[in-house]
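Consider the two complexes below, in which chain A is the common component and chain B and chain C are the respective partners.
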Partner chain A sequence: MGRVSSGNILLLVFTLIAACAWAFPLYWAIVTSLKPEAEVVGSLSLWPQTVDLSSYIFALFETNLVRWYVNSIGTSVLITAIVIVISMMCGYALSQIVFPGRRMLFLVVLASFMVPSQALVVSQFVLMHKFGMINTWGGIILPQVIIPVVVIVYKQFFDSVPRELREAAKLDGCGEFQILFKLYLPLNWGITTALSIITFIMAWNNFLWPFLVTTSEEMMTVTVGITQVGDSFGVQYARDMAVAVMAAMPVAVAYLIFQRRVTQAIMLSSGIKG
Partner chain B sequence: MLLIAPFVICYLVVFAYPVYKMFAMSFTDAPLIGEGEWVGLDNYIRMFQNKLFYTSVYNTLYFVVLTVVPNTLIGLGIAMMIVRLNGWVQASILILFFMPYILPVTVVTQIWQWVLDQQFGIAQPLIEAVVGKRVSVFRDPFWAMPMVAVVTIWWTNGFNVLLFVSALRNIPRDYYEAASLDGATRLQQFRRITWPLLWPVTALVLTLQLIMQLKIFDQIYLMTQGGPFNSTYVLLQLVYREAFGRNQGGYASAVAVALFVIIVAVSILQYQLLKARGK
Partner chain C sequence: MSGVTLRNIKKAFGTVEVIHDVNISISQGEFVVFVGPSGCGKSTLLRMIAGLEETTSGVIEIDGTDVTCMEAAKRGVSMVFQSYALYPHLSVFDNMAFSLQIASRPKDEIKQKVEEVARILQLDQHLDRKPSQLSGGQRQRVAIGRAIVRQPKAFLFDEPLSNLDAELRVQMRMEIARLHNQIGATMIYVTHDQVEAMTLADKIVVLKSGTVQQIGSPLELYDNPDNQFVAGFIGSPRMNFLEGKVVQGGNDAPDEVRIELVEAPNSSVPVTLSGPKPVPEATVILGIRPENIETGNPVSAEDDAVELSLKTEFTEELGGVSYVHTLTEGGVRVTIERRSDRNHIAQDHISARLPTRHLFLFDANGMRLR
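Entry: the complex of A and B
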């Protein structure tokens, strides 16, 4: 037994060191953001000798960061709401209602998993231009509202709701919308939270599409906007790191609070039961 | 019907139509915005005669080679360390490894540009120790792509770790207990129990990685812009440059079709493989 446990301690120490090394760039970014600019390039001390918040103050008041926050929060919340509502309704129909073309729709949604949305950016840009939506929230949001896997996950979850509940609700004279929102949705709050958080994080982190569709700094999302800070003010690492930390904060906090849900959503959307 | 209408309408407008439009545009000489003339296969002929196209295909494949298998193996290694821990220690270590995955790509690239900065980067002493001098990694044709790969692995590895951890947890403990009673070594246990039982997940991770890394663009654009000397120029960047830099909507669509076809082919292959294994 003694040998095993000392082996375990060795493993624990090794794992700890590996984990700290892995997370070190994150730590280093935060530390850098708290140093005054002169100290950043002056020494490689692992701890700020003087904690200095001027980089954050600069980020908040001298750049468009607040504006980008508004854009990111607005578009990500709307994308999440739209994705969840339309996918849930479609998943419910696929799961519970018999209608012509149901099997066909299911296969089409499944097949869409394969389509790389990155290959579509040119034609989506042309389309948004036709709609007059370049450089608007609508333009940022619309091409991001189709996430086929959300439909499939909802379908699977609704499939496992006992049939009797639905029959009983039908006898009480409930319509399909009522059954969905009053019965199926409350029964599946957990998965709805999980899918919402992961959709929000994905929308917040999306770079390519918002980068293409926004043409002025005022319309950019945080993820796109932070690249502008270095471009327009010159590279100053404390400042760049402060901006990066603030850009990452909302998703990082969302993950830390809803860790279990994030994990579950990631497993489900890769086809593994969570 | 009202239930499926919103999804179906959105799907047709922002998904199905762009797919059609991409194919349609690839047969015209259309600029990015505006109509073009039908030119048949000209764009494709031009593509297959373009040296930069082959460079991008080569670099994309090079990137895939640098990331897919290493990222999967590193993920498996980390997961195997993590599952042997318990309780809150395990949970917090998992967080440390997973955190990068949920960060926006621009945050990741900014952090690494700082870490690898030639003058002040904290990783430079390490590089100096290995190769004897400081290297401006993103301006060096030899270093640029491998470093983009390192950053990508750091960024995305948490996903693989998560999948492997849950798969490892699903392997019943009794198997290992029985094996060690029979005197099997750790290595034998791994080869006879862990690896075979884990294979479905490993295959899944490998193919998910493959599809994801074929679509490489963001990190490259943000860190090297395809340079130096096109040494990191990739397919999606060719699409981007032709469409938005040179206003060649038709030609850009043809390259996009090529990327589309490659990824769909890989996905179908993946599906067949998984199905074959399921039987």
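Entry: the complex of A and C
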């Protein structure tokens, strides 16, 4: 039995306070969503006196939440699939194929990593408008499929695959696509899973771009759609919170299931490890 | 002509040429070993044959077809890598079947070929395992099996035994030799270990700094080296070299020169040469293998011999053989091999005889004088 130092106790208390401060808004959102509207404005109880699911029923049947869900799932899945496939191929080319301008191309990818997405929204909006893609899935998806950090992470991982494996595959008759999909991808399933999850979460949580590119309520994603609930029906805290909780649910579930992978991906993409 | 032919092969990385005008002809079914010190270009040469490195100039032919610009997979060669290069996510079966699967061969054919090769290599009990679950020797066998399954025109081995421990290396060496006898395919093997080269090869190619020094059978290279580098590289322990100078041409025989060793200045020995003779006062190098130095009674008293006084440093007793490491008065190292005489050399100084019939003579540039 080791002795617990006062420093450790202090650290533990501080951590607990920080955890409570972080978790309380989430707790408050869930509790509020379960209260009847009158109780929300009438008292500040930490626990609902009566559990009322009417806000959830309202959110599901009186708003476009289901449609927003479909839009969010559809666009996020497509964004994730496209990002992973093109980033993997780009990372593979930068890592393994020798061609003129390879180094310059990598520097361009690195440089694009430095440009904040907010700086591009005006030109992207004009472009999507010219393509006639406002209020379409294509308009939501296209500007989100370029994520340089995914390319960089893939390149780093492909760099660490022993050169002999690629040479053995070449001698076995593989072309570049076969080497990528039969060798490099299976050898990097772990990072592919991690990058897929984090890309999905990023796409699901994205607000600014879908907010700009969708004006029709039918085409909105969940993150944009929930802003319409308050607008349409006045401030109804329980309903707002119910919609917010349901909007956050898929990401929370995904995070709980793939916690380790998400942490790994965040560490990799922020350059802590890799 | 079948087999593998290299004609005027050159390889440059940027402006640095690392392979200089190499010409090698390898017959069908021959076991050829490229040997040389690190950085001599032997692996580069092998990779050029495999198609993994571009050839700067020259022609590579496999089975009579010019493959110089052909991509690796179409050359019909298989390669066994030093690191095995097994696909870690695939089972032994899938590793061995990979090339056939890529070529879209029928499943029955793949199964039959892989199982047949696995039986030859005693891997049939391990087909479902992943490479990480195998020992070093088993992994090496899988790598060889993967090469055999493709039924290539030539097998290329790039230092395949370097990652194994000494005992396993000897065992695998025998297995490779047995395999060559069994399937009779052309094999090109790269190693820096001259013992491996001597034991496996039908023909050895000795390389130094990207240049072929000599090509020949193991015993040809051992008995009749073209230069000082080959003489020193082939044979373990290496040949002893002593500096000397030509004191005069032969008196009795016109094809004889007398050499005086720097280490034994007051005596000279006659050496018979059939080719051009060095001029008097020219510096020469005398070479003699450790097993040819006599320390006891002369084997043949009629032999001309150089007498040397040597200071013993230490002795390696290996049981059947012992190596006595000595120094001349001038500090040149001389190694003596003793086989029949197990008596310990107690004295600090020993007298050694270097019979002239065992001497190799090289000029100052290291080229053999015959």
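The rule is short, and it goes like this: the second predicted complex is superposed on the first by the 258 of 274 C-alpha atoms of A that agree within 3 Å, B and C clash if a C-alpha of one lies under 4 Å from a C-alpha of the other, contacts with A are read in each partner's own complex, and residues count from 1 in each chain.
The rule is simple: contacts are C-beta pairs under 8 Å (C-beta built on N, C-alpha and C of every residue); 3 or more make two chains touch, one makes a residue touch a chain.
Every value quoted in this text rests on a predicted model; they were computed, and no experiment measured them.
In the three-chain model built by superposing on chain A, chain B and chain C fit together without any clash. Measuring from the middle, so to speak, at the Cα centre of chain A, the directions to chain B and chain C differ by 100 degrees in steps of 10. Look at A:173: by the touch rule set out above, it reaches chain C but stays clear of chain B.
In the overlay built on the shared chain, the residue A:183 is in contact with chain C alone; chain B does not reach it.
For chain A, the partner with contacts to more residues, out of chain B and chain C, is B.
When the shared chain is aligned, chain C comes close enough to touch A:165, but chain B does not.
In the superposition on chain A, A:60 makes contact with neither chain B nor chain C.
Of the two partner chains placed by the overlay, neither chain B nor chain C lies in contact with A:78.
With chain A fitted onto itself, chain B and chain C come no nearer than 17 Å, counting C-alpha atoms only. Contacts of chain A with chain B, set against its contacts with chain C after fitting on chain A, share not one residue.
By the touch rule above, chain A contacts chain C in their complex via residues 162, 164-165, 167-174, 178, 182-183, 186-187. Contact residues of chain C toward chain A in the complex are 50-52, 71-73, 77-79, 81-83, 85, 87-89, 98-99, 102-103, 146, 150.
Interface residues of chain A facing chain B in the complex, by the touch rule stated above, are 8, 11-12, 14-16, 18-20, 22-23, 25-26, 28-29, 32, 40-41, 44, 82, 85-87, 89-90, 92-94, 97, 99, 105, 112-116, 118-127, 129, 142-143, 145-146, 151, 176-177, 180, 201, 204-205, 207-208, 212, 222-224, 226-227, 230, 237, 240-241, 243-244, 247-248, 251-252, 255-256, 259, 262-263, 266-267, 270-272, 274.
On the chain B side of its complex with chain A, the touching residues are 1-4, 6-8, 10-11, 13-15, 17-19, 21-22, 25, 32-33, 78, 81-82, 84-85, 89, 91, 93, 95-100, 102-107, 110-112, 114-115, 117, 119-120, 122, 154, 159, 162-163, 166-167, 201, 204, 208, 211, 214-215, 217-218, 222, 236, 239-240, 243-244, 249, 252-253, 256-257, 259-260, 263-264, 267-268.
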